[in-house]
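This is the structure I have questions about; it appears just below.
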Amino acid sequence: MISGILYDLLFDYTLRTVAVGAAALGAVSGALGSFAVLRRQSLLGDAISHAALPGIALAFLLTGSRATLVLVLGAALAGWVGTLVVMAVVRWSRIPEDAALGIVLSVFFGAGLVILTFVQRDPSAAQAGLDTFLFGQAATLLERDVAVILGLGAVAVAATVLFWKEFKILSFDPQFGRSMGIPMLRVDMILTTALVIAIVIGLQTVGVVLMSAMVVAPAAAARQWTDRLGTMVFLAAFFGAVAGTVGALVSATAVRVPTGPTIVLVVSALVLGSLLFAPERGLVAAWRREVRNRSRLRTEAVLLDLHALAGQHEDGSHPHEIGALEAMGHHPGGAEETLRHLRKRGYVSERDPGHWVLTEAGRERAGRILRDRGGVP
Amino acid sequence: MTAIDLEVQLLAIVVAVTCALPGVFLVLRRMALMSDAISHSILLGIVLAFFVVEDLTHPFLVVAAAATGVLTVALVEALYRSRRVKEDAAIALVFPALFSIAVILIARHAGGVHLDVDAVILGEIAFAPFRRWEVAGFDLGPRSLYLMLAILLVNVGFLLLFYKEMKISTFDPALAAALGFSPVLLHYAFMSLVSVTAVGAFDAVGSILVVALMVAPPAAAYLCTDRLPRVLALSAGFGALSAVIGFWGAWAMDASIAGSMASAAGVVFLLAFLLAPDRGLVPQARRRSRQKVEFAVRMLLIHLLNHEGGPKAREESQVVHLEEHLRWQPEFAERVVRSAEKKGFVGRKRGEELRLTDPGRHLARRTMLS
Amino acid sequence: MRDRGPNGGDGEPRAAIEVNDLTVAYRDQPVLWDIDLTVPPGVLMAIVGPNGAGKTTLIKAILGLVKPAAGHVLVFGRPYLEQRSLVAYVPQRGSVDWDFPTSVLDVVMMGRYGALGWIRRPGREERERALNALDMVDLTDLADRQISQLSGGQQQRVFLARALVQDASIYLMDEPFQGVDAKTERAIVEVLTRLKDGGHTVVCVHHALQTVPEYFDWAAILNVRRIASGPVGEVFTEDNLRLAYGGRLPFLRSGTEG
């Protein structure tokens, strides 16, 4: 199947169009989504994409046009209004932001459904095209749709490149930015507009219900791999493009596989992989650090205690019973396994069964540990 | 209006009230968007359970869906606790993934069955009356009405039983833990309740509009009153009101009932946002313009008191100076001074120089100390 | 017609900051009542007062970050908006997310963003300045470190360095000593003293009363209204402090004049 897709990708014009469009929208939403995630606005994307539905339906109802550009502009306008409503509610009432987001996303969406019932009544509607905005349909991507994605996406990306330092300070410390005289409200407007664009160009492919995942997931995955904003945005764009392309191609070539959910599954897999396997922040790496750390502490405790026992004895090379060691209380779960491990590394030796003593190397090691910990060897 | 219309209307009201009650605590606990997450991810539970029992009306579906809802809460928390992502991102990562699996499963395997994606999003409250509950040949009414009533009873029962605990753990989780309630246990019990409610409502209005019914009425109620019992009662009332307006709106426009109910909930919220006594925008603006002069009079008195006897007392107490230093418009300054004079707080010396009277000085001191 | 700070008159040095009849209210609740405050140039000034006294609000109002209900602020005799480049700001350390993906050097360079204006990116010159500032706070080694790996004291010094690159005349700092280690506290005091010696004006919101006479030469005592301001020796009296803190005067050193 994979080679089949590759073959089609090279030679099938339609599929190539789909792949280009999906890659572009994934890249743009990944890049802009990075800022949303860093600003703890992950769920703003959800509100914007749902709020776009009445915009799409109204744009069609008013213009009678199904041209992608018209619908996308309607979506963008409605998404923008939704964002403003969230801001107004938070600013002028005591309703918390999460509730404001919930109200906007569900109420706008509900209004969109009402308008859609009018659209569907219109006999001229042949309403295919509007349905796809719920769950997305990559197969419906035509060349002119891809042109819209590329054109608007380029605007959003250009804004990011141009206003890079403004976006950065807005995301990190807007108050400080304002104190320096940078008009942060205007920067916020520009960034939000770019985010709205990134979301609405994906609606036809991914759908309003799941587009928020394309804003959050690539960024969340990218964050695990790097500690630099530039790298993060770039990686998020890359992850978004991969997820978009793979998801769109699978759904366009397989039977009865909706596009949006497929793309979301691919990008969720990327998140899971990143959370687990990223080199520094990855959970596996953290777990291994933890295990190594614990085992180091365990061995050090055994070495130090043997060292202390040796110090109590006139003859430093007198072996000590394992029970005496364990009686010192630093070795939960017993010391035997650790001792065998230390013997392999040549730090201790077993004189009689169950009687252990530090070797020369062991004494040195214990002395070094004590010095490192600031004690007297 | 037919009997069917009446049944649909009744069901809509019950659904809205059932959602509005737990919604109050979701809003107060800053977890409004968990309703979004849960209402989406329960679909996975429904689909998986359906594959097992192959009966869409089987009660096992509700159990499985509720379990998925709780799983969603646990996953979000685990992600957030791992400190690799922030809480908002954790929510936005979990539910789309679970929901996507469910949608793909439906599309791939359940195509022939009566479980289509549109119903998931839109609900099918209009068809609810066609699924009857018949006992020994007697028609007792639509099944979903009974299901929703049962859930409503459970909600009311839970809130009555654990009202005090919910209240304390919402406003002061630390105190609740100190008193020996387990906030975690209570939290999960409550989230199970939200999940069950979402399952029931989901069938009627679909996954997204559940959010409208769980968040908008409580938020509107929260703007109208400060007392929790009143918030709960008002929230239920606003929910029912949205259901009635929504239903008749849909009837008049011949449009989607669920969409119309959500829109109505939005309108109710908007009205509360604008008009709620005390907190609404309009009352606030009116109060502010009324208080503006009052506040400014106090500012003036404190200003005069601060400079009384000081080196620049004469200069600071000129009316022109108010314009320059307090940055008041001349007309406004004049209005404030006249108001203060009329109340006997200040007098004018040599035309333009203001001085405090004893009552004025007294009020200024009191204001500043409060 | 308008006062000109302590020295008054034309040609004399003007007050660095002059706060005139400033009232700030959040919703309907006043946080600052009719504050008059003059900060002469070249002083190292502490703003003290109990919790909720409006200290942070005063700083933010001077910076134009909160809108006053009445009154105004002059910086070297002119409105703040015209003089913005003369003022640098060190916010509270807890006001940002230290898990943000960026490096120490990058944060310090942010201090130049205002001067750079729209679109222009920081270049070599900004880098140099940032490295210099990091040197002043003794953080050169950590320039490439991700900021989440810093200790609280190091974070505070990063913020200080970010203000230093602003190359301002006036430094407004919100609790720069909050929760820092002894080493950082010494380093910050040293930087503040250097700034003062260089003719800069420094205003700090400060919590620990006992260190005020040691670190600062000028002080304002605040509790919603201004209690007193002037040279530390004159204003830092038990009476004034009691007036501000009420009965709750936790750790007044016996050595304080009064």
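Order of writing sets the labels: A, B and C. Residues in every chain begin at 1.
FYI, a contact is a pair of C-beta atoms (placed from the backbone, for glycine too) under 8 Å apart; a residue touches a chain by one contact, two chains touch by 3 or more.
All values derive from a computational prediction rather than experimental measurement.
Enquirer: Could you draw the chains as nodes, link the ones that touch, and say if you get a line, ring, star, complete or other?
Expert: Graph shape here is complete: every pair of chains touches.
Enquirer: Can you check which chain pair, A-B or B-C, has more C-beta pairs in contact?
Expert: Between B-C and A-B, contacts are more numerous in A-B.
Enquirer: Roughly how many whole angstrom separate the Cα centroids of subunit A and subunit C?
Expert: Going by mean C-alpha positions, subunit A sits 37 Å from subunit C.
Enquirer: Using mean CA coordinates as chain centres, what's the subunit A-subunit B distance in Å?
Expert: For subunit A versus subunit B, the centre distance works out to 29 Å.
Enquirer: Distance between subunit B and subunit C based on Cα centroids, please, to the nearest Å.
Expert: That gives a centre separation of 40 Å.
Enquirer: Counting only residues that touch at least two other chains, what does the list for subunit A look like?
Expert: 223
Enquirer: Once bound in the complex, which stretches of subunit B touch subunit A?
Expert: Contacts found on subunit B: 27, 30-33, 35-36, 79, 82, 84-86, 88-89, 91-93, 96-97, 99-101, 103-104, 107-108, 111, 117-118, 121-122, 208-212, 214-216, 218-219, 222-223, 250, 253-256, 258-263, 265-266, 269, 273, 279, 281, 284.
Enquirer: Can you tell me which positions in subunit A touch subunit B when the two form their complex?
Expert: Touching subunit B: residues 37, 40-43, 45-46, 50, 89, 92-96, 98-103, 105-114, 116-118, 121, 134-135, 209-210, 212-213, 215-217, 219-220, 223-224, 256-258, 260-262, 264-265, 268, 271, 275, 281, 283 of subunit A.
Enquirer: Which positions of subunit C touch subunit B when the two form their complex?
Expert: Going through subunit C, the ones touching subunit B are 2-3, 20-21, 23, 25, 28, 30, 33-34, 36, 68-72, 224-226.
Enquirer: For subunit B, which residues are in contact with subunit C within the complex?
Expert: 288, 291, 295-296, 299, 302-303, 306-307, 312, 324-328, 367-368
Enquirer: Considering the complex alone, what residue numbers of subunit C touch subunit A?
Expert: Per the stated touch rule, the residues are 63-65, 81, 84-85, 87, 89, 91, 95-97, 100-103, 106-107, 110-111, 113-116, 118-119, 121-122, 146, 148, 162, 166.
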